[in-house]
Each structure stands twice: as C-alpha cells, then as structure tokens.
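Presented below are the structures under discussion, each in the form of structure tokens.
The same chain A turns up in both complexes below, where it pairs with chain B and then with chain C.
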Partner chain A sequence: MTFLRLLWLHVRIGVLNELQYRGNLVVQAVESLFGLASALLGLGIVFAKTETLVGWRPAELLAIVGVYFLVGGITRVVVQPSLARFMEDVRLGTLDFALTKPVDAQILASVRQVEIWKGIDIVVGLGLLAVSLARVGESVGAARALAFLGALAAGTTIVYSFLLVLATCSFWFVRLQNIFVIFQSMYEAGRWPIGVYPPWLRGTLTFLVPVGFAITVPAEALVGRLSSATLLGAIALAVVAPFLARRFWLVGVRHYSGASA
Partner chain B sequence: MVSVRGLRKIYVVPEREAGLGASLRSLVRRRSKEVVAVDGFDVEIGRGEVVGFLGPNGAGKTTTLKMLSGLLYPTAGEVTVLGHTPWRREKAFLRRMTLVMGQRNQLVWDIPVVDSFELNRAIYRIPDGEYRDTLAELTDLLDLEGLLRKPVRNLSLGERMKCEVAAALLHRPAMLFLDEPTLGLDVTAQRRIRGFIATYAERYGATVLLTSHYMADVEALCKRVVVIHHGRLLFDGSLAALITRFSPYKTVVIDLDGPVGDLGRYGEVVSVEEQRVTLRVPKGEAAAVTGRLLADLPVADLSIGDPPVDEVIDRVFSEEPEPASTAATGTAAR
Partner chain C sequence: MIGLADLYRAQFRTTLATQLQYRVALVIWLLGLVLSPVVYLAVWRAVATSQGGAVGGFTAGEFSAYFLATMVVNHATFTWIAWEFEYRVRQGTLSPLLLRPVHPVHRDVAENLSFKALTLVVVLPVAGLLSLAFRPTVATTPWAVLAFVPALALAIALRFAVEWTLALAAFWLTRVEALNRLYFLAALFLSGQAVPLALLPAPVRLLADLLPFRWFIAFPVELLLGRLSPAGALLGFAAQAGWLAVAIALLRVVWGRGVRRYGAVGA
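Now for the complex of A and B:
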C-alpha cells in the first residue's frame, strides 16, 4: 500500500518534472527506436543463416526481445533512476532527508525518481510481445498467461533485489555510479536466450547477474517452453532475494554516517 | 523532551598520506584510524525550550544532531527524544520532528515549490484542512506568497531557504533540529527566518535545538546555550552566564570632550574612533577604572558592558579552558 502510494506520488512529480524538458521525450523515442532496430537487425542476421537458434524459432525470439524491452523499461522508468539518485544522496548527504521521513526508507529510495519517457520501452516491449504471439499463432491459455505474469513478476523482483544490493554497496564505497552501466551491458546479453551462451556465462547470467530469470524465463513461459520446475525456482528466488536484499539494506543504513556538514 | 546520557560516537575514517603514490598504496591497503567525534556528554532539554548548540567546526555538533534525529547510531550512550529512541526511526517519532540543514535542500529542483509541499503533505499524511491552515499560516509568516508557484531553481538563496523551512514544518513538528538554518543568507533574510522560528516555537510550544555560526541567531532565539568542544560538554546555561564565566573582562566605552591621549594605563585600548574610546578592563577593576576615568578626563559619556558574544565564544574556543583540556583524542573530523 505504502509502496503504491509513494510510487504514485513520485510518478506525479516525475510527470511534472519531465514536462519541463520535452526534449527528453524525443531523445528517448529515438533511443528506443535505435534499440529496437538493432535488436531486430540482429535477429534478421541470425535467421538469414538458420531456421532456429538453440531451439527458438524467430517468432519466439521476438518474445525474448519483447520481455527484454518490457523489463528493461520497468527498471529504467523507476528502479534505476531512483537507486542512482539514492547513491548520489549518499555521497552528498541528502539521504538524511529521506531517512527522516516517516515512511520506509527503502521504499522511498526505490521510487523517488521517475523518468516517464523511459516508459516508451515498456510500450515497445508490449508491442513486440503482441507481434510475437500473433506470429507464433497459438492461442495463449489462461494457464500460460498466468505463468508468464508470474515469471515476469518474479524476474522483475529478482532484478530489483539485485539492483538494490548493488546500490546499497554505496553505503561503504560511496562512489559507484558506473555500477549501473556495467549492469546495463550485462543486461543487454539478455536479448538472446541464455541457452546460446557457454555454460560458465550462462551460470553468470542466471545467478550472478539475474538476466536469465528476468528475460528468458518469462519469454519461455509466454511461448510455452517453460517447465514448472523452472517457474517454481524463479518464484522461490523471487521470495528469497528481496528478503536478503532488505537485510543487506538495513545493515547499510546502520553503517550510514552521512556526508559531513 | 530530549534526554542525552553518556553519548559517544567514534568514526572509523580512512587515512592516507598526500600524493599519488600514497593514493595508489591505499587502494590496496587501507589504513584507518578512529576519530572521537562525540566524547560522552549528558544534556536534558525540556519541552518548549529553544537551545543554541555551539561549538567550533569539528566540535561534534552535527554528529550529535544526527544522532538525536535518528540518522546515526551512537557508539555508546542513551538518547530519548519525544519519548523515542531516535535511531530506531519509529514513524511516530519521525512524524513529530524535523531536520533543517542550511547547506542542503530537500525541495525538488525543477518543479514549483508548492508541488514539493504536496509531496511532503502526502508523505506525512497531513489531513487536507490542517494542511491548508498550516500552509496559509506559513505563507503569511514567511511571506511566501508569490514564491509558491515558482520552480525552486528560479528562487534566490534566501527565498529558497524560507521555502525549505516551510516544507520542513508543514507537519507541525514538536521537535526541531536546525543545523545552520541561516547559513549564507543576507541580514534581512536571516532576521526573517529567526523571527519565524521564534514565533513558531512559541505558538506550538515546540522544542528547538539550533546550531549556528551567527551569534545574532543565538542571541535572538536562545535563552539557553549548550557549548561543546572536542565532543565534550563545555558549558550549559544562559548566554549571560556564558559571558560571565568565560569573559573575565568588561568593555568600557567613553566619549571624551577633548583630545584623546594615551589611555593605556586604564586598560587595554580596543579601538579609538574620533572622540570615542573602547577599553577592555579586567572585571574586578571595572568600578575603580571607571572612577579614575571620570576623575581624570573630560568624559562626556560612559558605558560599561559585556564584550560581544562573538568575541567571548571565540575566546572560549581558542583558549580551550580547563574542562576541555583532558578531552579529545586525536583531531575531531566532523
């Protein structure tokens, strides 16, 4: 409840903020289009040479690209900007203001900055998913839709927990701005099913940087390739990860000493 | 209202020599040392008191303020503010206190002031009616009309600070922690904020703990001052008592009807401006010196007073008198 209330408040502020700089809309639209074009071009090149890629047909791979845009959009609208601001607040000492508000500081720090134009990626993602489903040509039953939503929620939660842990490190290291850039480039590996990568990288992309759970698993659910064991695993991880991230956050807050006057 | 016992805070800070080589070495092997920022002191503040919290830079003021407002965990000691232990950060506590830092702002930079106020209204869940009343009152007292619709980035420093203070008080807190609330403001803006704080504290019976480098703030607002130095309590009492205790001098100002000669034999000459001479005289001799001045010289006017507070405070810190001489290990960093 608190989460939704605070999220809504900051969406409102985000809208007010971004309406002042409409140029951002254009920039973001161009960026999203470029992202889309390079993703589709990549698919085109691959499928010019082969019928399937580690068992995925072209229309199914579109679902992966769709989830890639969708989850990326969700985190880039609110989670990443908020956590980036949080890290800046730690460095400047302005986190003091967040910590003295009568709301949960973790929630506040996670929704404080909303960049609405990044929502274009969410729209692009949903569009790609629709196209993918139409191309695959099967009707999605209630069970599959439910599995997809579950996997998507689980994947987003896992990515959020991961980003929270990264951001929380700034309580100790103070200056970690580049950490999200590294995450972003790892995330881009998620445009392909993680099955295409060699085992060591697959492990990294699943457990170290949870891109596999965020993208491949929901896409598998949508196109009906997901085993219930994997789904349960994803959900279990989505329960444990935020709990651990929260513990780590609380240790960090305790360690916070603020910037001096 | 505020009760502090044996409060201590030790920071572990990285330490390294100057220079590139040392910087590189410290990447591999970090050395750190302990810095005692607050070295154990007790203080009690009652409801409705406005207390000035003084000390030189690095004395531990901000650290103490942060522990009292729940931002920092102390190394040792007990603190109760409004019946709560601050660093547990219970909502009931946070809802009733506020923190204003003169050198940092919480208003959102790019949007009109009133939208930032709305955000605080929602965060503190202030009922509509109460919010309207408070906003009207603050607008009136701080003269915010005309500022509320402007984006924060378009405000002057003084205007912005008035809005910061208003934002921090929308929920009508009972406990105010003000860290240099008038820092960098011009005299008019300082006076405005000062007057406002006094009015607010009186109207709502709020307790205020204020740090400031401007003695005018302290003189105007605080009946009581708490002085810390090297993290230890140096003085707790009225401003007048502080001056009596730490200034062994009186200031004697005379206007002469005639030429000003060398007055060094009466006391230390602080300044001579045309016919007006200011002398510093040991307190015990003030009466005798005054008598001699009146007998010896064509005195048109004479007044005896305490030296300016600034001067006394400066003396307290630079001479580091008895109570603090055993304090502090190492240098206070924060």
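Now for the complex of A and C:
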C-alpha cells in the first residue's frame, strides 16, 4: 500500500510539474506520432509483399506494436525517469536524502520521477490493441483476457527488474547515463515478433534483455497463440526476477558510501 | 599563415583525443548503429523465406548483403549536426565559432571525418562478424566496386551538406525536434535503410528518385552490390553531383540569412 500511496503522490507532483511546460505535450505528441507512423509504414511495406510474417498475420502483428507502445510507455512514464534520477543521485551523492527517508529506498528510487506526457504512448498502445482485436475478429474470452493481463504484468515486472539491475550497476560504475540508450535500441527490436530473429539474437532478446517476455509474449496471449507453458514460464520468471534484482540492489546500497562520507 | 589543411589536422587530433576519452559512449553508440539494420535484415530475410526464397528480386542472402552494406554506408555518411546546432544557437556556443577566421562548416567537416576514421576501425570488423552470422551473397563486378569509392565520397559530401543546411533551421525555430524527426522518418524509408527501394510501390519510388535521400545511401549500396547497370551508375553520379550543387548553394544562402538572425543568447 505504501507503494501505491507513494506512486500516487509522485504522479500528482509530476502532473503539477509538467503542467508548467505544456509545450512538452506537443513535442511528445509529435514524437509518438512519428514513432507510430514509422511502425505502421514498416508493417505496411512488409505486408504488401507477404501474407504472414513467421506465422503472424497483419492484424496480429498490430497487437505486437500495441504492446510495444504500451509497455514502452509504462516504463518511460515512471520507471526510466525515476531510475535515471537515482543514477544521477548516486553520481552526485544526493542519494543520501532518499536513503534516510523512512520508506524503502528501492520503492522510492523507482517511483520518484513521473513524466506524464510520455503517457501518450500508453494511449497509442491501447488504441492499437483495440484496432488489432477488432481486425482479428474473434471475441476475446475471459480466459484469454486474463492470460493477456497476466503476461503483461509479468512482462512489465521482468522489464522493471532488468532496468533496476542496470541502474544498480551505477553504485560501481558511476557514469552510466547512457545505459538506458542501449536498452532503448534493444527494445526497438521488439516491434517485430522475436521469431524473425536468428536463434542467437532470439536468445539474447529473451534472456539477456527480456524484450521477448515484455512484448511478444503478451501479444501472443492476446491473439491466442500463447502456450500455457510459456505463460507459466513468464510468470515464474516474473516472480524470481524482482527477488534477484532486490538482492542485487541491497548489495549495491551496502556498497554506497555517500557524498560526504 | 595557417592554411585549411593545418586546421583540419588540428581538428583531427582534438577529435581523436576527445573520443578516446569516451570509449563506453562509443560502444553504446555502436550498438544502436548495428541493431537497427539487423532488425530490418532479419525481417526481410523472414519475408524472403516465407515467399519461397526471394521477394522483389532479393534472396535472403542478398538481403543480408544489402543491409550490411547499408549499415556501413549509413555509418560513413551520418551526421549529428541537426541535433547539435539547436544547442549551439540556444546556448550561444556558436558565438566563439563565428569569431574564427574560417567558416564554421570546416570545423564540423573535420570533426565528422575524424570521428568516422576512428569508428570505421570498429564498424568494418563488426560488419565482418555479422556476415558470418547472416551469410550474405554478393555478385558484383570489379568496375562497380571501383565506382563505389567516388560514389561513397559524394554521398558523404551530399548528406553532410543537406543535413548541415537543415540544421540551420535552428536560427528560426527554438525547438527543431519535430522537424528533425520528420526528416529522419522520411530518410528511413526513402533512403533505402528500412527497405530496398525496389520493394516500394511505384509512386513512392518516384518520390525517392526525386529527393536527395536515395542518392546518399541506396545508390552507393546498390552500386557496390552490382545491382546497377553502367547507365544507372552514371545517372546516379549525375544526381549526386546535381543535388550536391543545389545543397551547397542552399547552404550558403540559408547560412547568410540565418546568421543575421542569430541573437547570440547567453554569450
């Protein structure tokens, strides 16, 4: 509950903050629009030449693009900005102020910075999912919807754990600002089903950088292509990953010596 | 008397020293550069396979060759000036550059070339490794490979002139982000980076012929891979030279007008 209260508090602060810079809404809208245009143009050109791509029909691939925007939006609204601020705090030594607060420092470091305009990507993602479902033309039963929500929650948790591990590395390597840029370019590979990639890259995108779990698996659940074994695997990983990330975080915090110390 | 050559040499040394300080940043940038062509490569290979081996005149192996060559040409030609110029105008860091007795464009040309010389040492082995993974098939001719050298040089000059001119928009706009994004979106599809131009619908292909994008990426790539006839190569050189002349003329006019608008904020 503390987590939700803190998150809500920082969402409110974030809203107040960003309402001062309303021009950013336009900039973000333009960015999302061009992102959407490039994704859809890519799909259009590919499906002018083929009916299916590694077994995915156009409407089903739209679900992948939808999940790509949705999960990307979720991490960019709160997780990435908060962790970026955390890494900056480590560098400057101002993490002291977060560590001395009476709440869990990991939670605080994960929700402290909210950039609401990035939420446009969430809206775009939901819109794409709706269009995809309408195009696929089958009704989504309760079981499938539940599997989708489960896979989405699992994927988001796995990505969060991964980003937390990356950010925690800044306790040892102080200047790591660019590390999220790496993640971003890997994440973009997730706009396509990971089945198109050769095995070595597929393995990388599943287990090293968990893009497959974040995007392909939830989309598979939505269009009814997901085996229950994969879903169970994703959920199992979503239970283990945050636990391991937490352990790593604790080791890192113990390593932190502060600015003035 | 210090000539332009000395200026270029000095800039080469400084860029080299600066970049070697930021080795991790170099690696990160490299990953981004490699990943995007690999994504399109994998997608188009999958399309070729699903269509019984070839699509639009490309087999899976030819797609590999195409996108690996595109990666190298894109690396050789790309510039970051469109993002940097906004910062220079907004922060006023353009002012000291204006005080120098040579046109600021020379500094950027020298910096760009030295950065490329440094990074090409990494990009070429990476392209080699990727060709082990993706097994490209190439059927080119010696004259095409020879002709590729001047085509690449012209492509570098052309893209630089076009993007330097575009960057000057920062004199009139405070945020050039939207304009840059539009430019890069158009370049992604019309230069042949996302898809070989032969696979685009005819009207889009005509648009690509008329705009400069194609001439600084797709043309050198197709030439290198032996996909062009001698007549097509000559036409390409003519288009490159024509666009280069237009871009340089535009650069001079726009620079002359823009620099008069420059308010030197913060200086």
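Basically, the second predicted complex is superposed on the first by the 259 of 261 C-alpha atoms of A that agree within 3 Å, B and C clash if a C-alpha of one lies under 4 Å from a C-alpha of the other, contacts with A are read in each partner's own complex, and residues count from 1 in each chain.
Basically, a residue touches a chain if its C-beta (ideal position, glycine included) is under 8 Å from a C-beta of that chain, and two chains touch if they have at least 3 such contacts.
All of these numbers come straight from a predicted model, not from anything done at the bench.
Asker: Touch check for A:Ala142: first (chain B), second (chain C), both, or neither?
Answerer: In the superposition, A:Ala142 contacts neither chain B nor chain C.
Asker: Determine, under the contact definition given at the top, whether A:Tyr197 touches first (chain B), second (chain C), both, or neither.
Answerer: second
Asker: Pick one for A:Asp96: touches chain B only (first), chain C only (second), both, or neither.
Answerer: first
Asker: Report for A:Phe34: first if it touches chain B alone, second if chain C alone, otherwise both or neither.
Answerer: A:Phe34: touches chain C, not chain B.
Asker: In the superposed arrangement, does chain B or chain C reach more residues of chain A?
Answerer: Tallying touched residues of chain A, the top partner is C.
Asker: Which partner chains sit in contact with A:Ala229 here, chain B, chain C, both or neither? Use first/second/both/neither.
Answerer: neither
Asker: Once chain A of both complexes is superposed, is A:Gln20 in touch with chain B (first), chain C (second), both, or neither?
Answerer: first
Asker: Check whether A:Glu188 is in contact with chain B, with chain C, with both or with neither, and answer first, second, both or neither.
Answerer: So A:Glu188 only meets chain C here.
Asker: Once bound in the complex, which stretches of chain B touch chain A?
Answerer: For chain B paired with chain A, touching residues are 11, 61-62, 66, 69-73, 89, 91-92, 94-95, 97-99, 101, 103-106, 108, 110-111, 115, 119, 122-124, 151, 179-180, 333-334.
Asker: Using the touch rule from the top, collect the residues of chain C that touch chain A in their complex.
Answerer: Against chain A, chain C makes touches at 24-25, 28, 31-32, 35-36, 38-39, 42-47, 50-51, 55-56, 133-134, 175, 177-178, 181-182, 185, 188-189, 194-195, 199-201.
Asker: Across the complex, what residues on chain A touch chain B?
Answerer: Answer in residue numbers: 5-6, 9, 13, 16-17, 20-21, 92-94, 96-97, 99-103, 105, 108, 254, 256-258, 260-261.
Asker: Of all residues in chain A, which touch chain C in the complex?
Answerer: Answer in residue numbers: 23, 27, 30-31, 34, 37-38, 41-42, 45-46, 48-54, 175, 178-179, 181-182, 185-186, 188-189, 191-192, 195-198, 200-201.
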